[in-house]
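Reviewing the structure listed below.
Naming follows writing order (A, B and C), and every chain is counted from residue 1.
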Amino acid sequence: MNLMMVVGPVLLLFIVLGFVTYAILFERKVIGWIQNRIGPNRVGPWGLLQTVADVFKLLIKEDIIPAKADESLFRLAPVIAFVPAFAVLAVIPFTEKIQFADFAVGLLYYMAISSITIIGILVGGWASNNKYALLGGMRSAAQMISYEIPLVMSVVGIIMSVGSLNLHEIVEAQQKVWFIFPQFVGFAVFLIASISELNRTPFDLPEAESELVAGYHVEYTGFRFAFFMLAEYVYVFAMASLTTVLYLGGWNAPFGLTFIPPIVWFILKFSLIVFFLFWVRATMPRIRVDQLMQFAWKVLLPLALANIFITAVFKEIPVIGKFY
Amino acid sequence: MLRTEEMLLNVGPQHPSTHGVLRLIVKIDGETIVDAEPVIGYLHRGTEKLAEDLNYTQIIPYTDRMDYLSAMTNNYAIVHATEQLMGLEIPERAEFLRVIVMELNRIASHLVWMGTYLLDIGAMSPFLYAFRDREQILNLFNELCGARITYNYMRVGGVKWDAPPGWIDKVGEFVQYMKKQMDEYHGLITGNEIFIQRTKGIGIYDRETAIQFGLSGANLRVTGVKWDLRKNQPYSIYERFDFDVPVGQTGDLYDKYLCRMQEIVESLKILEQAVEQFPEGGSTMGKVPRVLRVPEGEIYVGIESPRGELGCHIVSKGKDKPWRLKFRRPSFYNLQILPTLLKGENISNLVAILGGIDIVLGEVDC
Amino acid sequence: MTEKEKRDPASSEEAGETLSADNRAQDVSPKQPGKREETDRTDSDRPQSSQKQEAAREATPKTPRPAAAGRARPAAGARNRPAVKKEEEKPLEPSPLEPVLNRFVEIIKEKAGAEAIEEAYVNRAGRHLPVLVIKRESWPSVAGLLKEDPGLSFDYVRNLSGVDYETHMEVVYHLYSFAHSHQIGIRVKTDREESRMPSVQHLWKAADWNEREIYDLLGIRFEGHPNLKRILMPDDWVGHPLRKDYEPLDKEV
C-alpha cells in the first residue's frame, strides 16, 4: 500500500506527461487535417517525436527573467499554476479500481483545487511587469471566476440525483442511463463552461494572440513557459476525464458491451471529449471579453439554475423521476 | 468611486495583428480605449523620390512593392496614367489580359483579407482555406509572368507576356472552382454566431464621415455610397462587362465582410465574361517608342484597387523620367479614420476594427 | 479662359516654330520642351525670376501671359509629337467640360472676388479636368466655398499632392462632389523658400495626414494644422526629401 502511494502518482505523472505530449501532437494533426494541411511530420515517423523535440527545445532555452519583473513571484507563478492541475487528478476514478483517492467530497475537491490555478496566472501576469501580460492575467482571473459559477451550478443537478459528491458513486449511478441524457442542459452548460475554464478557443481571451500577443505568459520563456503550457494541457486531461465521469458514464460500457475492458471505454469517451475541444478550436472565432462575461452571467448561470429547478421538479414526478 | 488610471499601451510595430509594421499608441482605461494614435512610416522606402530618378518602365517594379497583395493594380495605376498622358492606344488583347489579371488579383487580395481578418478575430481555419484558393491564383500568375507576388507584368502600351497556351482556359476553370468555394466560406463564416457577435454593429460610421475622411473602396461602399471607379469613371475595358457594385447599409464590420465577399463574386462575373470574349491572336504591346518620353503635362488618374481608389498623379516635364510622381494610396486615406473609430471601444475591438479597414502597410508608407 | 483662347493661336505658332527648328536637328528633342517650359515660367513668375535667360524671354511674346496658356498648351500640344502639326492646323475644339469650368469660375468669382482665380483651364491631357489656379491668399475662402457652396459642394478629396517646380512650390487638390458628380483640380502656388499654405484640414479630414505628408516630404508648412509633424520620415530627419534641392546622404544609391 505504502509503495503504491509513492509509485502511483509518479506513474500517473508519466502517463499525464505522455498524454500531454501526444495530445499536442494529436491537436496539431487534427487541426492540420481540418485545415487541409499535413501537420507535423518531420520529427520521427508521422511526426511522433515532434512534441518531444519541442519540449527539449524549451528545456535547453535560456531562462529569461525581465529586469523589471518581480523575480520571486515570476518564478513562483508557473508552479502555482501547475501544481493544482496535477493535484485534481487524484480524485478522478479512471476505472472501478484505478483511483487514487476516493473520498466523499471528490467533486467539491476538484472544483476547489482547480481554482488555485487562477492565482498562478494572475501572479504570472502581474509579475511580468508587461501590459499585455497584465491585461491577459486580469482577463483570465475575471473569466475563470465567472465561469466557475455556472460550472459548479451545472453539476448540482447530478449531485441532487446521486445524492453524493463522491465521483465513484456518481459513475455507479450511471450504469443504466448516462447523465448526458437526463441532464442535457447541465451537460451543455458544463461543456461550455469547461472550455472557458480551460482558456481554449473560443474562450482563449487570456492568451488572445491577435490582441494581447500571448497574454499572461508573454514574458515567459523556456521551462517556465513549458510549465504554463503543461498546466493547460493537464487541465485538458483532467477536464475531459471529469466530463467523462460526470456525464458519459465513466468506465461503464454502453449497450452491454462489457467484454471490452472498462479502461478502454474510459479512454474512448475521454478521447471523444478531447477531440471535440480540438474541433471547436479549429472552427470558432474568439468571443469578445465583454460578451464572454455577459454570456456567463446572463445565459449560462440562469440555464444552470433552471436545470437545478427542473431536476428538483422531475425528481418528484413518478415515472420520469427514476431517471433523476 | 474607485480612482482608475489610464494606461498607455504600445501596440506594434511588432504585433501579430497590425498587418505589418503599424504602431498604435493606445491610451486605455481598463479595457476601454480612450485615445489611439497611429504611427506610420516604418516601411517608408521613398518610392516617390526614387521614381524621380527612374524612367517610366523602371518605376513599375517599385509599384509591385507598394500594395504587395495586389501588385497588378499598382502596375496598372502607373502604366495607365502614363498611357493617358501620352495618348497611347492599347491593343485589345493586352486590355483583356490586364483586366483578367487585375480581377484575379482583386480576388486574391480579398481572400487574404478575409483569412487574416478571421485570424485577427481568432479563427484559424478560414485563413488556410483562403490561402489554399489564393494559391491557385498565384499559380496562374506564376505561369503567366513567372512571379507570384511581385509581378512587374504590365508595360506602358501593353503587357510584358502573352498568355501561355491554355492559360485562359485555366482561368475559366478557376472561376468555376471559386464559385463553388464561396459556398464553403459562407457556410463556415457568414452564419457563425460568434463572428456575427463580433462584427455586427461594431466600427460603424456613416456616409458623411466616410466621405469626409476620403475613404474609398469597400470602406466607403459599406456606408451605401455606390462609388466604384470601374463603374463611375470607367477605365480600360470595364465598360464592356456587366457587374454590380455591392454596397452595405449599416457601415459595420459585418457589412464590410459581406461587401468584400460579394466583390469576389462580382470579380468572378467579370472574369467569366472576359474569358468568354477573350480575343484570338493580336499583339500584346501597342506602338510605343523605344525611349518613353512623356509629353509635358499633368495628370491624375484613379483606378479601383481592392482597397479603394489608387491614384497616380504625374507631373511630367517632357523627359523620360517623371518630374513628380505621387501615389494616392487608398490605405493611407483609409487608415486616417482609425482613431475616430477606436475611441470608446473595447480593446478587443481594436484588431477587429483595424482589420476591417484592410490596410497594407507597404502602401500606407509607400 | 477667354484669355487662353485668344492666346492659343500665338502660342501654337510659337510651338510650331521651335518644333520645326528642332525637327531639323533631332527627331525628338528632350531640350525643347524643357526650354519652352522655362520660358513659360519666366512669364508667370516674372517678379522672382530676374536672372532668366534673355534669349528665352525674347522668344516669347512680350505681353504678360498667364501660365494658363503655357500649361494647357504643352499638355495638349506636346501630347504626341508627330501629331503636333495636325493640331496646329485645326484650332483646338473647346473641351466638353468647358461650360463646367466656366460655371465654377463664375461662382467663385462672384463669391470670393475676381482676383481669387489666377487662371482657369481644362487639363486636356488629364481627362479634361477643369483646373483652377487659386491665389494663396484667397485659398481659405475659396476652399470654404468649394466645400459649402450648394452649386459646388466638393465633399470628397480624391488626391492631394505637393509639387516642387524649382521656381515655386505647388499644392494640388483633386476634389470630387458626390452631390453633383463633378470634379475639379485646384492648384495653389506658394513661395519656395518660405513655403506656407493655409490648412484645409478642418474642411476635409482627409487632408489631415496628406498635409502632414506634404510637410514631411516637401517642407510646405500648413498654417492652422493642429498636428503638423513628420509622418513618414523619422522625427529627427533633416531636410525634406522630395524637394529638388535635397541632397541624399549617399548619392550613389
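Please note the rule applied: a residue touches a chain if its C-beta (ideal position, glycine included) is under 8 Å from a C-beta of that chain, and two chains touch if they have at least 3 such contacts.
All values derive from a computational prediction rather than experimental measurement.
Comparing chain C-alpha centroids with the centroid of the full set of protein C-alpha atoms picks out B as the closest. Across the structure, the highest number of inter-chain C-beta contacts is found for B-C. For this pair, subunit B with subunit C, the centres built from the Cα atoms lie 29 Å apart.
Mean C-alpha positions place subunit A and subunit C at a centre distance of 69 Å.
Distance between chain centres (mean CA atoms), subunit A to subunit B: 43 Å.
Contacts from subunit B toward subunit C in the complex involve residues 40-41, 44, 46, 48-49, 52, 84-87, 211-214, 225, 227, 232, 289, 291, 293, 295-302, 309, 311, 313, 315, 317-320, 323-324, 326, 328, 332-333, 335-337, 365-366. Subunit B meets subunit A in the complex at residues 7, 9-10, 15-17, 31, 118-125, 128-129, 132, 188, 192, 194-195, 197-198, 346-351. By the touch criterion given at the top, residues 28, 30, 32-34, 36-37, 71, 74-76, 78-81, 123, 125-127, 129, 155-164, 172, 174, 178, 181, 185, 204-206, 208-209, 213, 217, 230-234, 241-242 of subunit C touch subunit B in their complex. By the touch criterion stated above, subunit A contacts subunit B in their complex at residues 31, 34-37, 131-132, 135, 139, 201-202, 204-205, 208-211, 213, 281-291.
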